[in-house]
Amino acid sequence: MFTGIVEETGTIQAIKKTGLSMALTIAASKVTSDVRLGDSIAVNGICLTVTGFSDNQFTVDVMPETVKATSLNGLSKGSKVNLERAMSANGRFGGHFVSGHVDGTAEITRIEKKSNAVYYDLKLSPELTKTLVLKGSITVDGVSSTIFGLSDESVTVSVIPHTISETIFRTKAVGSIVNIECDMIGKYLYRFLHKTEQTKSNQTITEAFFSENGF
Amino acid sequence: MFTGIVEETGTIQAIKKTGLSMALTIAASKVTSDVRLGDSIAVNGICLTVTGFSDNQFTVDVMPETVKATSLNGLSKGSKVNLERAMSANGRFGGHFVSGHVDGTAEITRIEKKSNAVYYDLKLSPELTKTLVLKGSITVDGVSSTIFGLSDESVTVSVIPHTISETIFRTKAVGSIVNIECDMIGKYLYRFLHKTEQTKSNQTITEAFFSENGF
Amino acid sequence: MFTGIVEETGTIQAIKKTGLSMALTIAASKVTSDVRLGDSIAVNGICLTVTGFSDNQFTVDVMPETVKATSLNGLSKGSKVNLERAMSANGRFGGHFVSGHVDGTAEITRIEKKSNAVYYDLKLSPELTKTLVLKGSITVDGVSSTIFGLSDESVTVSVIPHTISETIFRTKAVGSIVNIECDMIGKYLYRFLHKTEQTKSNQTITEAFFSENGF
């Protein structure tokens, strides 16, 4: 469980591909300070398990399913990545539960600086936008962001200078691919609501429905 | 409160059945290192209270309700079990919010190795799947897992080699029974949504309802 | 933050009432071992601030609001109370997240011993049950408990012998009043869902809604 507050940006030291899976070695200082085997660390928003570590670097295994559903394939030696350790038990209940299970990717289609904020338009599938809500939360490469604009195929988020300087947002350009996790609560509500609708709409609003209700 | 990151596997030393309840004596080293009477330890995902301990073993009481709702009845002397101590205040939520209150059991119906991941199909009741969501979390024998496939009667989780080697997943086969805890967040939202649906549908659609909405 | 694992039962030495507020002096040994002015101690699940202490006793002030919302008024000299210190940095969440902010009281309406567990039916307001969920957590007089039964106006919890012997559950009878705190995660999600419902229901049922449904 994470909160979407990036702790530091690390650097890819090595990428070992074996068939469809991958092992990443990442240089970092803060998240390795108390690391142990089996710990969970979010790498660009993807929850990965630490399988090895030394002073200032750690290694993680990436399953085929995860490689396929994220932007990890676009990484190379020297790439910068957002890093966050799992939420600490005495941490604050942030406004946003992030599981680190990425739902898909999006493409940056517009970057616009307005006063002290930068607006990013992200093109993404309706499968993802359907569970989102205006002013709701979305995680972009592990960064918890607020949704300022929303349509069937795009989302607009606005990022403050501090977040840009502390994350890989600073390395992004129009055309960049980012990992997207939709807010957990929205996903649950969408599924429950549509399962109920499904059961209800199997009983479509028919003439009989009205007569049952005395019309 | 747990997080679904198993700390070690212990071994059943003795099982004492009294009527419908049970007392288990479990050999372990890591979770007994700082154990105290009254501590909570998750045994195959079930939160149990320590009622006795010595150097490398501890004893727990199991209520009839818990014996009935879980796979504990299938254990025997020498069985391996997953163990996790309650979240430490300075610990991290490497998995998700796990209460240790098991919701039911599931049967493993398929095990498939794909590259560096192993996929498990679990057959379980619609009463449990109704509160789950794709890419959501589920606890299997105390192991925090990601839902990669979901239907009314089954869930597919994928487990990385590290987790398999560190837990009793390594002892499981098709037909094995596992304990399931559904994600707490999903259960809450499901109940709230259906209570709201219930209150809404109790207000049958009346003449007044239509006029209020301008028809 | 507490976790609902009672450390010891203390004894009321003195109760000083001033208008609607109250000062309690409580005899205890364990929780006074490292006590300091300003520390938080949960008394029957109520987070109170230590305003004075000597070897084996401490004093706390109780605000009118807290006196009104809890069962403290029912205490007298010699009454036993459940005590728990705030989570220490190296403590463990053996129960669940407990804030010590009591939501209300409940009346015990049934006590039934079944094998090695005792079941308690608690009558409480729908305002409290609405945020609860089956197999979820609830705090009863500061004791973290699992919800085994739930209806609009009642909750059933089951308590193991160890917990009964270590807490004031042993002094309770049918008719006793207990303090209730509902699970923090449930309250948080309930509020979040109803805020979202409010935003949705502002979009009244329009002509379009009906034409979409074929009318």
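Every chain is named by a letter (A, B and C) in the order it is written, and numbering of its residues begins at 1.
One rule holds in what follows: a contact is a pair of C-beta atoms (placed from the backbone, for glycine too) under 8 Å apart; a residue touches a chain by one contact, two chains touch by 3 or more.
The shown structure was predicted, so the numbers you read here are calculated from the model rather than taken from an experiment.
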item: Chain copies touching (chain A, chain C) - same or different residues, decided at half shared; value: different
item: Rotation angle (°) superposing Cα atoms of chain A on chain B, nearest 5; value: 90
item: Most central chain, Cα average position; value: B
item: Whole-Å separation of chain centres (CA-atom averages), chain A against chain B; value: 25
item: Chain centre separation (chain A, chain C; CA means) in Å; value: 36
item: Shared-contact residues (touching 2 or more other chains) in chain A; value: 89-90, 185, 189
item: Chain A residues within the chain B interface of the complex; value: 1, 18-21, 37-40, 49, 51, 61, 63-65, 85-90, 97, 99, 101-103, 184-185, 187-189, 191-193, 195-196, 213-215
item: Chain B-facing residues of chain C, complex; value: 1, 3, 5, 87-97, 114-117, 130-131, 133-137, 146, 148, 158, 160-163, 166, 185-186, 189-190, 193-194, 197, 204-205
item: Complex contact set, residues of chain A against chain C; value: 89-90, 93, 133, 185, 189, 204-205
item: Touching residues on chain C, where the partner in the complex is chain A; value: 1, 87, 89, 93, 184, 188-189, 192-193, 196, 199, 213-215
